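Just so it is clear, A, B and C label the chains in written order, and each chain counts residues from 1 on its own.
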């Protein structure tokens, strides 16, 4: 452990070029996937939150189950589609950061949808009567709920980001862990572990943890500002 | 001060406002939840102008009556006839101020902006509306940090932003200090003077005396009494109303 | 509308993510041993400087590498399981297979050597002894080149270790490094290629117990993927890379790669 901490500090202090590249790619892939997952998951979560339709409970159960999608299964499904011999092979996306973004988006969109559904349903319980009095359309209702829940939804996004940035199973299959192209923190950790360099693997793990802490702290400070204004 | 706004609203919302929605005729209204009967055989008329104060003991169904009239819920049976239109068709021509104001998690100004926007009204009216309820100086503050009285005044500004022909108020001053109560009454009185039909639920006897043109008294699931204020307070016709005014428990 | 701006921004991000503009680049589907031993880190910069071709390596087990190449997800295949490689070429997935280099397999085990196989040269004899003693043996169990080789050796001994799977025979279903980590963790013997072992950092008290048998020979081959099966391959760049590997210059580079003063791979491409 001590050795790993020392190594982590050395890597950071020396501004290791490869490390910076890997960290930036990790952030780029996982933040983009989080943004896309929000784009897909939030409207779905909102529609289910305000909707009453037959089969709603079944949809909820499926959505909650999808939160537990194993990354390696997602990776495999995306691989089969993006492979040159697959239906989307002509796009040439396999072994690119885009493929990794797609896989992580699929992985975390259900998380964003399911968690935001809960947040928005609670808020809607408070607003519903006022909104009906104002004769809001469904679209206006969804927009207003998403906007007013924005700070709570930050936490939802954070949960998605946390899962994306920590997973290795999907990105290693569709990204291929190619040096200087698709290597991210988690696949680098897997690689160093398989090379038996456990200290370096752990050092990378510590750095990943610190990055995750930083993102969480940033979001938390935004939320606290919002809470002071009673916007949460 | 609302004249220009009203004409531009007509321009933005092409829906014909020509057909009046008053007078209102309510006949044999019944509302049941499972085995529980809330309203049973409620019938009354509302004339086109004035301020009706709805009174009656807790549980008499006053708030639910407002929601039925406003089209937020449907009765079990009976008719609500807004001069030929059903309540759900004319919700947008009315506004409801709740006992506990539901304020958006936004600034004071943004709360009014929201209504002006979704109802297609002139956005420039916002400052006038806020000044009208005495909140101009708090426009940029978070709405949910307002005091109880300020919050209810904001709710009123928001309701007025919708240019309602009928304004429902459900015990808006129930937990406010006397100054806030008077401020809100003044705003409602001004709206009434401009021709907005007021339907106001209250338990406050003094308030009812100050505001009422007529009193609609509910108890035991029905309208026990509906009379002009000048007649009601000196000499209530029903025993239930007499008991209520005397502070006795009315079931 | 705020949501739309948000959407446009993320789509732009995604596009940026996909825009990997590399005119000349190829993907090599490779076995893990060549990647984990650091050979590519040494070889590829030399080749890239010379040819201006970016080589991207996907390091997986030989079985999966062949499968991926059959799916046209690579331009060059570089693995170590000759019979499977020949089948790959026969089926038309590869243009031609060329011997590239070799090293050998070794069996590593804990310092106390519970099965007493230390110093043995006869690999089948050593494996029979491990089976008789019921000493723990960790297998890749992943259809990789190393796993195929190991199964061939078991078959020579007449022992069916999979009958004891979960008992003394432990199939990790993982790569070489992960299997070494697991084997060392449980005190099991592990068969590994020498290159991976030399460059492996988590040896603890483990040492090579069995080595030197001719049957432990480990031949690597290189195969460009056939454009007739896979029109998407970068056929010229792939051929350039394969040709360079077996050229005098490439062979010399392979031979000069050392870890801890030990040569890891021995070039043996046929002279043309």
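Here, contacts are C-beta pairs under 8 Å (C-beta built on N, C-alpha and C of every residue); 3 or more make two chains touch, one makes a residue touch a chain.
Fair warning: this is a prediction, and the values are worked out from it, not measured in the lab.
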Problem set entry | Pairwise touch network: line, ring, star, complete, or other | line
Exercise. Among the chain pairs here, which one is joined by the most contacts?
Worked result: A-C
Exercise. So which chain is the furthest away from chain A, centre to centre on CA atoms?
Worked result: B
Problem set entry | Chain centre separation (chain B, chain C; CA means) in Å | 78
Seminar exercise, completed: Chain-centre distance (mean CA atoms) for chain A and chain C, in whole Å, is 32
Exercise. Distance from the CA centroid of chain A to that of chain B, rounded to the nearest Å?
Worked result: 46
Exercise. Where does chain A touch two or more other chains at once, residue-wise?
Worked result: 147
For this session: Provide the residue numbers of chain A that touch chain B in the complex, in ascending order.
Result: 126-127, 129-130, 132-136, 140, 144, 147-149, 229-232
Exercise. Within the complex, which stretch of chain A touches chain C?
Worked result: 28-29, 32, 35-36, 39, 83-86, 89-90, 92-98, 101, 143, 146-147, 176-179, 181, 191, 193-199
Exercise. Chain A touches which residues of chain C in the complex?
Worked result: 2-3, 6-7, 9-10, 13-14, 17-18, 20, 27, 32, 36, 40-41, 56-59, 68, 70-73, 175-178, 180-181, 199-203, 230, 232
Exercise. Any idea which chain B residues touch chain A in the complex?
Worked result: 67, 70, 72, 91-92, 94-96, 98, 102, 104-106, 114-115, 118-119, 142-145, 162
